[in-house]
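For clarity, chains are labelled A, B, C and D in written order, and residue numbers in each chain start from 1.
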């Protein structure tokens, strides 16, 4: 069967992965209300196409923090990609680079920051959880700077890990042969120990994440680096306002793909209030439920500067390594361009709320 | 299989109980519209999480009528718990106490008020239906006071018993070996006689409940005791206002879990108007459809002081007696705390309508 | 199995009737959108119960045009009831009388007006379609007056017969042994001739119904009789206003049970605008989708003076003749009374929009 | 089985066609959201019937651009009809003429314009895509004028072809024996080459359609002909206003039956804003989801002057050639007339928004 849309990677990947691993990447927290709502929020929005516009020349090219991108699409940070493909994050970086996309590397990457950077031809950002052990963070930041990473992403929606019932039922743990190689082994050993009824991921986070940090603590992180700092997991105008007030350089509207707070407002539904609060002062990205060029166009028309793709990138990585990732991003870019043609908005700058109904 | 959420107790309990008994505890009245609507009312509400809040110290501790609770969760009154577990209400009381929760004992408890009190380490309330035989009521009230019960709950949504079609089809009657031991046998004998096409519960209520009582009659009940009086089954602002005007000490917003008036407004949908009418003058509790920490947080954010759990406590009692009940309450408390962390509201006082969307 | 709700008659009747006959009574027109919407309109309305009201004495008794009824429930006019039970309309009349209900006899009754009147102990109304042959109408009116019928009901929503696809596919025709005995055989002969792809009902109506009548023609019908004249099939405020202006004595809000205009506004949704336009000047009844005491209470609270039951009466007639009809009406009356108890509205006069949400 | 509604042709046609061909005519683009939404938009609208209106004389007759039609129903342009029936567009033209309907011939017709015109007894319009090769267009326009076509329809919603996943998966291509005989073979050769994972239709369009045309280019097309020019694919008030400002003679509100922009606003939902913008200056037609007389009445009541039927005409052509097409149109005309009777609007001029709810 040909791959003609992102969901085709989904069905193929499902056939390739053991059930507990599939559940880990596919599942969300609680009743998975937010997983479903993220998708539905896009499908509830209709498009108002304009006609007789010259769409012969279309461009999806854009830039973030000065780095050129073939399209406003990046790969969201996800952990331990060697569980899905032997090359892991190296393949993802290579694929993203081929397609001209951004790649946000997880703090729990299973390849070294340097290996990933060596394979990358496009921009890399490094995602961080705020570990209790701040020295581990500052070492990572220093390595990322040296390796040419262009921004830091601090995930702020995970002081504790969501109740992912599938993982709890599966007693899910990370395969012993796949390590968070950018952190001391001691710091992540617990993630490899399976216990029925618990998730090793959640247990580990409880032990190592700092749940006490507040806006005031951001200054420490900023003091360690000159890189732009992006917060991932903002869903309200209030927090968007605070982020800008605290000098944050970018915002990712996200509910962690429905994996953290079950019942959280869908990312797409939260986007307009964040965009309004930010008022163009910093870039706003969105992740959560993006599966189609249509979804990307809706997010951009609502004021997002770019979107991140989570699960689909993992499906493509599983199925075809770096080629899969590159193909997925190119396909989505092409779908975006195609939707721009059919809505009569050939430039990204044409995308505004008048296309939405 | 591990128990990772309240619904896991449901599926296990279903496998353990005979079908007519399962139908009795699970079913509602009429088309069970309200049973379903109670759940749906929670799922329709989204949450707006705040980030970068110090959630390292969270507290769910609260109190009702001066009694400390580990969390704002109690067990709703349900009858004849020995049908589900040999220890009946004694197990429930022990479990509630272990978890620091409130237990509201039914007038149709199958263990004596004194046995239950002896097993309890947390607060007990006694629920009453207004029987025609007022002497039976006053005797119960006196015994409850002596045994240390801390409040009376008068159920006001059941002048007649809902048309529970499952029970009617099953000709449901209470097992002869399980008695409402706190009442004279003569008063409850009818509940043990099965007749096809009728419910012994409904027949008994028609014979023994006083359908004529009004707000004016509350003064008699209050004259029998110094205990706080809570009304269970209020769903409108008008009645909330009347309750406060008549000196009632607390209100439980409830539609009897969808077992009485089919089509009744969902408890969660009724809560805001009751809270607005009460305006903080007395505590407001809610029951009906609470299955998750998320539901509890939504109720509290809407102004409830606590919630009561009905069917899930019966499932847990069936599966594992007092340990099941304690585990269920602890799990819900933990889920509430977890949801407080993920919404950035570490204290109960932080919960207000800004978290709802 | 015991009969514990109206739908229990449905499943039994279905098992007793040949499929084309079942389709004839159960089906609607077109996509049956209105059949479904009639039901859904009730289920979308929630109830706001009041508590601590003395509901020991409840009354559903009412009257229409001076005739006492045990409850505001009548049987809607439906044709050829001998297809369902050998006694036909005589059984229905006897059953309605036993239960204290109104019976509206169809112009296409399969028993004579006089036989029906002899069996009836409650009020009878006679329903008419406006036939091209006015002499047939005036003869019927005269016989109805003589036989003690208390009102005339003119169905105004059927200038042509709805596209009932089930009947078209079945080539439905009325069994030759069941005749519209109150009309000349010549006038109805066509209804007994089955032709694949057509409905004999529709063919007959096209030949015999007068599609040209207007408000001005009502004066002729009124000139033939002193009986009150009720219009059945009003769904708009505009027509309700015209009806009152033309001296009509009552209105039945109805879409013919979804058998005429597919897509017509649900009866329950149309009721409030009709009630507002009529402003109490004449009685307003409703039919369409009434299956429960709850539905009846909702209609009455919205301003209806009574409701009519169509299909459920046919189910009950099929299953158990006059006893079935009497039982159905008594059950619905009891359900209404029960719902009045649980909503804290013991008298019909207590039912107003404050009970609806 | 008798054919009693348009959907009966659907099920029969499905049984007659190979799956890839069925998918080609039945499918839409992307997730087929708009295919479904087109239908749902009609079903969400209820009708408010008026009664006691003389409906004995009803007329569906109308005219477009001076040509008389039996009813405001035409056949939408669809390509390569010889794939469905050996006579192809000749059969469709003959059937449309028999029923007094308009036929819009596709630029990719598989019979010559002249053959079609010879078979037609009703008005013909010619639909065009704007090909890069303008000489091909002007030759077609000249032939159409000569052959008596009465208007040109320029499709403006297809600068690129929608992602029709079914066709992509099927590697769909047009059967080699069925040609777009009105164009040079060289211009359409590519549509007959099947390649897995691609649609020959889409590939061909990418090569031959001019994606750069704008409102300014319309003047060239108008300079080639005196025929009225109609734009097909307008969904917004803004473009309707521009169309009138540029001297266009008519507008077809359409999203290409959900085959182009997936997520496009349903045609029926777009209609009111287009009608308001046009304000009667030019005729407005609608296509997309019309399956019933009820749908047609809704469109007309919302201000459409006529509707076009796409897929149902193909089903009927497949099943029964010209007789099928004639029967379908006559059936829809009769359904429209019937719905006019049951809503109490015997003339097309009676149809206005007061019939909608």
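Methods note: a contact is a pair of C-beta atoms (placed from the backbone, for glycine too) under 8 Å apart; a residue touches a chain by one contact, two chains touch by 3 or more.
By chain, with names taken from UniProt: A, B, C, D = 4-hydroxymandelate oxidase.
These numbers were taken from a predicted model, which means no experiment stands behind them.
Among the other chains, the CA centroid farthest from that of subunit C is the one of A.
Averaged C-alpha coordinates put the centre of subunit C at 43 Å from the centre of subunit D. The distance from the centre of subunit B to the centre of subunit D, with each centre set as the mean of the Cα atoms, comes to 60 Å.
The touch graph of these protein chains is a ring, one cycle where each chain has exactly two neighbours.
Interface of subunit C with subunit D (complex): residues 30-31, 33, 37, 156-157, 159-160, 162-163, 165, 168-169, 171, 196-197, 210-215, 217-218, 231, 233-236, 238-239, 242, 255, 260-266, 269-270.
The touching residues of subunit A, when paired with subunit D in their complex, are 1-5, 43, 45-56, 292, 294, 298, 335, 338-339, 341-343, 354, 357.
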